[in-house]
Amino acid sequence: MAGNILGEIFKVVTWGESHGPAIGSVIDGCPPQLQLSEEIIQKELDKRRPGDGQPGTTPRKEPDKVQILSGVFEGFTTGAPISLVIWNQDAKSKSYDHLKDIFRPGHGDFTYYKKYGIRDYRGGGRSSGRETAARVAAGAVAQLILNVLDIKVVAFTRALAGVTATKIDLETIEQSPYFCPDSEACILMEESLRDIREKGDSAGGIVEIRVKNCPAGLGEPVFDKLDADLARALMSIGAVKSVEIGRGIEVAKLTGSQNNDEITPYGFITNNAGGILGGISNGDEIVCRVAIKPIPSISMRQKTINTRFEPADIVIFGRHDSSAIPRIVPVCQAMARLVIADHLLRQITLKGFNKIEL
Amino acid sequence: MAGNILGEIFKVVTWGESHGPAIGSVIDGCPPQLQLSEEIIQKELDKRRPGDGQPGTTPRKEPDKVQILSGVFEGFTTGAPISLVIWNQDAKSKSYDHLKDIFRPGHGDFTYYKKYGIRDYRGGGRSSGRETAARVAAGAVAQLILNVLDIKVVAFTRALAGVTATKIDLETIEQSPYFCPDSEACILMEESLRDIREKGDSAGGIVEIRVKNCPAGLGEPVFDKLDADLARALMSIGAVKSVEIGRGIEVAKLTGSQNNDEITPYGFITNNAGGILGGISNGDEIVCRVAIKPIPSISMRQKTINTRFEPADIVIFGRHDSSAIPRIVPVCQAMARLVIADHLLRQITLKGFNKIEL
Amino acid sequence: MAGNILGEIFKVVTWGESHGPAIGSVIDGCPPQLQLSEEIIQKELDKRRPGDGQPGTTPRKEPDKVQILSGVFEGFTTGAPISLVIWNQDAKSKSYDHLKDIFRPGHGDFTYYKKYGIRDYRGGGRSSGRETAARVAAGAVAQLILNVLDIKVVAFTRALAGVTATKIDLETIEQSPYFCPDSEACILMEESLRDIREKGDSAGGIVEIRVKNCPAGLGEPVFDKLDADLARALMSIGAVKSVEIGRGIEVAKLTGSQNNDEITPYGFITNNAGGILGGISNGDEIVCRVAIKPIPSISMRQKTINTRFEPADIVIFGRHDSSAIPRIVPVCQAMARLVIADHLLRQITLKGFNKIEL
Amino acid sequence: MAGNILGEIFKVVTWGESHGPAIGSVIDGCPPQLQLSEEIIQKELDKRRPGDGQPGTTPRKEPDKVQILSGVFEGFTTGAPISLVIWNQDAKSKSYDHLKDIFRPGHGDFTYYKKYGIRDYRGGGRSSGRETAARVAAGAVAQLILNVLDIKVVAFTRALAGVTATKIDLETIEQSPYFCPDSEACILMEESLRDIREKGDSAGGIVEIRVKNCPAGLGEPVFDKLDADLARALMSIGAVKSVEIGRGIEVAKLTGSQNNDEITPYGFITNNAGGILGGISNGDEIVCRVAIKPIPSISMRQKTINTRFEPADIVIFGRHDSSAIPRIVPVCQAMARLVIADHLLRQITLKGFNKIEL
């Protein structure tokens, strides 16, 4: 039990179900005197909103307005817990009644039932992707901490529906409906995704996360290493099935002379390590990639069982995305923000100790 | 700071440097009345010992004898912390003096120096792979908990030095010098590794971990999911650069209809999920894979800098393995054991609550 | 930072300021399938409401209506985090403007300013006693767990305004305006408190907490002992300045033969230990007492300084209680509930292990 | 389970039983570059050694030599976990065989048996006061952190065997066999304790802890307040039955005007608060007091039960102190050191954030 808290110093709790009255997060450990408003958070939340026109996203239109309930006074954080709430306004839970007694393949329905013996079946309940809005909101607050060192966390679509972006133009990401840094690949992604959707199927992809300007020294060996905590945080996102750091899975085929990043007084010559050595940031760009599984809700007929453990067929209609991309991209960004902010504060304790004066 | 504790209920602390007097671990939260002896732990430790003849491992011959200092009385655990110590007997720290002022590429030398401002340079100090012996010892204790449900954790070499095992015969793993389940591939691995070593280079590979008989219900959404905690624990091993669950990175290219595991009253038809859905075990076999980077210590000349941040060349002689495989295999097994044991105890709290009687 | 989370398995976060939009708590780790409604929580909240007629309490009339935002489905807990919110409806923050630049003696004004460099001065902000309503709400949920073993937590006023209750009739507590178990003492308390209030002064007292039907075995040596965790939880209430277990401070003057509780097959002959031995409950009634300091807000003139650290005089008008009693009594009860529930779940892990079957 | 870890940033684990091979502690989170040697720790350990001549302490003569096994390199801490071990050399476990099947009144024998179902009965096993040596060793390391701000933690005997020290001369504490600051009272204490011991009985007392030069701002509301964490840490010492902060239990009888500490530009006029306001240090001296129960091991006949729950008589011979004082005094000091050091590091995170530069 009690697995809804992330972080050691910058702690985040999320709560809420897809079709309950609201979702939210509480941040315990945010430093005081940071300028924070609902607008700052809202801007980030808007990025993961159901798309305005991009194909593959659900027509559910939530305003997803965040409200700050505590921890901010006259526009600044006070050091007290920051409570954020996002009300669920478009929760048509009636449309989920037909899923009450059946387990959808690829979803957490079966395992939640086995674990808890009770299941909020409305739209996935707690296991819904909707919970990730609370992560994005908390990530916006974490970014305030990163801003002090001008640390930037960028996330983008590296691959979608079988198409891979090869030209990485980070400037175009926010303009792209799929957070894709390669405008040509983006067109192909859209076409491929449309084909898949028309068959009633769904698509997976790859999201890449890069952290720029991260100072050397973040990460706490031997268990709370920076890469370990990034892996955990990213893998905790529902659709993620792999996490790679730097060259990632490719290192298995390399030799030491190919993989080692030689060092010069001006920095590392290559960045196969993805900015992390011995579990500690080395000052180079941090690079992670995660594989996103195709959305399990498809309108093709599938075999399953019902809650009486009898065989059943299921065809899932209703609103659902054809891919977790693009909406999962800001979630990946948020998780990296939360991890880096927490580790930054942990490192300050250590560095601050040498110039202690309270 | 303070990143050396793993687990929420079954907590493990490791301590110790490569060339200090000893390494060890303390386990806080082991249930009482489990039969435990030094022999049980020793048997696991022996698996990660420097090889008896297999090529690619260092000639350093540590007996690596574990000693139980607390928490066991008359052959049974008491519920008190279990303190395990392994003495360092073959620590030739003099041979590391030439590394005092230089950062080895691919190692944690540079980042430890940047983080702490002080560095135990002897054999990697805290960042040495030697620390993982303490993990293996703790993993042996964790296995006692898994035994109650007959849960088995198997780890093996899926790929090494460019050769991939395709025939998975788990029976042969313990006999294989490389924990390889494919005896033909094993011969090719050995040849490939010899070639690489002769060039003064080193090799990477893939380790796969499978958990059999794991009951459904383990994992604590939304952050302490079973896959998230496995990812963190495995990524905390020095050489690991990627973690995959089930089909892992391949899911990016699949469609929902290809990736979803259909359900029958007799179980899941396929296991693309790798035994985990919604972050909770589904009763199927748990499958993870990790990419192991090539050992960074190579005897080829490399560019680097010294502690005065001046350019320097480095050629690393002395004893070092040509691949983290096979010695890292029992470490992967141990990390999975620690995570599963911890989550088993967390789930007992929840399940036990329904039949509460103290 | 990050000190707003209590508990290891049954975790509670509270958030909110006296004059922000709301206060609340999130409970992470509540077992599923417990019947829970807003009415159950409301009943407990009503006990700490500003008094209906009892002298010494503020005229601020908050309905203090709790709302459950997550974690409950069709009347039962689901195992997901339970988010509780209580809206602040009667927050006249204008009346605090005169306290903006001055530190009230005996309050946290000065220390919050020194710690955070920013201060929500409205009604004490985060340090206000109002935060304890969120604790009482969480305590009501904790009691659901205790109900399974019929564990009852009783709190009452042992002393107030210099008058001590000597006749302990637990039946009368809930009827008494001061949660006093001695109806004669209660009259004297009321008189003494009225005298003190008329002088513009305030009064302290003693609250006693008793836990009935607590099984033997709760408490986790050597740091998370049951008495240690009770001490921490009770001392975290703003006005508490001492915590005693069993005979408490009196044991300093006793000899071993006077203090030891002899044991018979039918139980302990005496209960000087207050139900806890070696940090673990012994099956006897648990007895704690806490000293409550007089409310620091008094209308007598006091010396202080302003935020420019210049000397100043202060006379505090406006609504404020003359004693933290009776409103603090349900808070003490709630804190004991939270600690016992958490330790009950921790012990279930251990006990459940012997009959493991998931 | 898993209750043997203290602290959030400066984390301490203790392990070991009275008659096992050794006891020890692991410190995770100690900043690097602090000068540390076995001598520094030994000096503190020697203070709690069995007395050299003072009456009332056991004749068991342990050298109690501490050994540093990790975390220190060339005389300085490295930021890695510090493992400390103290070998048990004088463990005559045979002399405890007669206690194998019987529960000593006032000890944790009964509750450990009820909790764990197994009991290391030799000299109290884990519940022995001997475990506190590991706390004192860790406390010596914590003091290194406090030294940076010249924070001093003093502990002394305020009362023993019915005699109270009224003249507080802190200079004489370390010379006094009872850590008593009042040389005249000390003589009376010694006489009173001798009388009690001659009857085969034992005595309780009061220990007072004072922290000098503690800066304002330490403590993390609302649960990890400084007073709350001090209360928990002190109450976790076996013999402690009450914890008071500042005026402590006396505040129950005071009025606000008597208890409030008025403020001037030069500091607080009085210190009834004991240096803590709103759970945060206010810059004044921190004052705590704890009541120590009389040692339960007495040679007078007592009623008890055996492990078959049959009535039995017990007379405890063998070596045991007549009072936990003086040996408990350095333990109280150590616990305060651990808490203050941890909170100092937590506050550095917050303060350091404003001048962040890594």
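In order of appearance the chains are A, B, C and D, and numbering begins at 1 in each one.
Going forward, a contact is a pair of C-beta atoms (placed from the backbone, for glycine too) under 8 Å apart; a residue touches a chain by one contact, two chains touch by 3 or more.
If you're wondering where the values come from, they're calculated on a predicted model, not measured in any experiment.
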Statement: Every chain in contact with both chain C and chain D is listed here as A, B
Same or different contact residues where chain C meets its copy chain B, judged by the half mark: same
Task: If you tally contacting C-beta pairs, which comes out ahead, A-D or A-B? Let me know.
output: A-B
Between chain A and chain C, centroid-to-centroid distance (C-alpha), Å: 38
Task: Indicate the whole-number Å distance between the mean C-alpha point of chain A and the mean C-alpha point of chain D.
output: 45
Message: Can you work out the whole-Å distance between the CA centroids of chain A and chain B?
response: 26
- line: Contacts with two or more other chains occur in chain A at residues 1-5, 8-9, 14, 31-33, 79-80, 115-117, 126, 216-218, 221, 345-347, 349-350, 354
In the complex, chain A residues that touch chain B: 1-6, 8, 14, 103, 105-112, 114-117, 126-127, 131, 159, 162, 196, 199, 201-206, 216-225, 227-236, 238, 241-265, 269, 273-274, 276-283, 291-298, 300, 302-305, 309-311, 346-347, 349-350, 354
Residues of chain B defined as touching chain D within the complex: 1-5, 7-11, 13-17, 20-24, 26, 28-33, 67, 69-71, 73, 76-83, 85, 115-120, 125-126, 345
- request: Please give the residue numbers of chain C that touch chain B in the complex, ascending.
  value: 8-9, 31-33, 79-80, 145, 148-149, 215-218, 221, 344-354, 356, 358
